[in-house]
Amino acid sequence: MAQLLFFGRLGDLAGGAERTLGLSEPHAISDLIGIIGASDDLLGSALAEPRVRYAINGAIVDGDALVEDEDELAFLPPVSGG
Amino acid sequence: MAQLLFFGRLGDLAGGAERTLGLSEPHAISDLIGIIGASDDLLGSALAEPRVRYAINGAIVDGDALVEDEDELAFLPPVSGG
Amino acid sequence: MRTDIRIVSLPFDPESELATFRSSLQNAGGLVSFTGLVRPSSQGGEVSILSLQHYPGMTERGIAEAVAGAASRWPLEAALVIHRVGEMTPHEPIVLVATASVHRRAAFEAADFLMDFLKSRALFWKSETGAEGRQWIEPRDEDYADAARWDEG
Amino acid sequence: MRTDIRIVSLPFDPESELATFRSSLQNAGGLVSFTGLVRPSSQGGEVSILSLQHYPGMTERGIAEAVAGAASRWPLEAALVIHRVGEMTPHEPIVLVATASVHRRAAFEAADFLMDFLKSRALFWKSETGAEGRQWIEPRDEDYADAARWDEG
């Protein structure tokens, strides 16, 4: 199961900071956003905003990066500072 | 009696940080330096160095300022910072 | 350089941390500290709770990189970063940054640099709860501008 | 602005002073402090005693004017200056400057400004005693240059 993490206001939209997703094969992040958006339009468009960054297993990647079934995918909205 | 104060290395040269001087009439600071220098050449020339500032009763003045018998005259070499 | 970076979810005491930090110093002539406090109000009015979220591991790595960046720019003897997360109330300390150096200017600039990083680039997400409910906060333009001062030209 | 300016001839505890200063704050979001420590060595080698002389009354007035200058340039809630005089040994605190403001940048700049004043223009005369005996110290060119940054153009 891939672990999805939603930070900041994205967690409110997703109804929780974490979610798991079974992936039978690797998917690009942009594809996963499409899949999420198909069932939750508001969350899907929030995840696709250009200011949202993505990290796989703690490393920043772009939307083409492939997520595998054991990966942790984090959606990082603009940080608000400490 | 006028009170003379010698700060920093001037105190070492004067053999003490304080000295009193009876003044029957007001004297310009530059004249007093001349009087001191007549009996102590080394101290006199140290007091006359352009980087030494003078204060009468806590206010910075120049060498023409008059010192009266009840005044406190301070010789301030370049400060060294805290 | 000695570094100490901590994300804490319970209140901390900035002054006792600073006392420990100071007692560790060998050659430093100066120690600069910044203590950030939860403000009782913001643009949106009175604030009763400030909540800070971080990404465990990744947030710490980002701060460690910023501290390493400071160490490469300025001759520091030691640096300390303590950052609170979770729920806080007004006047509680959120962040403590301390830097020590032989040179006063280096300690000032490094602390300033680290705070600019923490305020605009570190992985923290902040929400404020006030009379109007909870609101997510984004950095002010000022914070981005402060941080950009240190970018290579 | 609340100000607290003290010249002290006995050791002081910077962190307990900072704790008191912090507890006095109402609206400040940030507190910057600089703690200056006696260094165990200087250009002339090892230092065993640092001795600082001031001009009682006039030194305090000069510092008060600098603090007023800081208050007119930056929106400060409070400022604290404690300066040690007399004889000190390595690692003892010489000076503590603390500034608090709603704005982080104001607190940083005001503390920096006050330290530059104290290091180059305040009425203090310093001598160091080491293996070679006692020597009077004058500011470094660096201190004059730091202070000149704040002069009107």
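Residue numbering begins at 1 within each chain, and the chains themselves are lettered A, B, C and D in the order written.
Just so it is clear, contacts are C-beta pairs under 8 Å (C-beta built on N, C-alpha and C of every residue); 3 or more make two chains touch, one makes a residue touch a chain.
Just so it is clear, the structure is predicted and the values come from calculations on it, not from any experiment.
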Open item on the list: In terms of touching chains, how many steps apart are subunit B and subunit C, taking the shortest path?
Closed with: 2
Open item on the list: Between subunit A and subunit D, what distance separates the C-alpha centroids? Give it in angstrom.
Closed with: 50
Task: Where subunit B and subunit D are represented by their mean Cα positions, the distance between them in whole Å - done: 27
- [ ] Just give me the whole-number Å value for how far the CA centre of subunit A lies from that of subunit B.
- [x] 76
TODO: Please set out, as single numbers or ranges, the residues of subunit A touching at least two other chains.
DONE: none
TODO: Spell out, as numbers or ranges, the residues of subunit C touching 2 or more other chains.
DONE: 36, 119
- [ ] Report the complete set of touching chain pairs.
- [x] A-C, B-D, C-D
Open item on the list: Show me the residue ranges of subunit A that touch subunit C in the complex, using the header's touch definition.
Closed with: 5, 7-9, 11-12, 17, 55, 58, 74, 76-82
Open item on the list: With touch defined as at the start, can you tell me which subunit D residues reach subunit B in the complex?
Closed with: 36, 52-53, 55, 57-58, 61, 83, 94-95, 118-127, 136-139, 143
Task: Touch list for subunit D against partner subunit C, complex - done: 14-16, 18-19, 22, 25-37, 39-41, 91, 102, 104-105, 107-108, 111-112, 115, 119, 142, 146
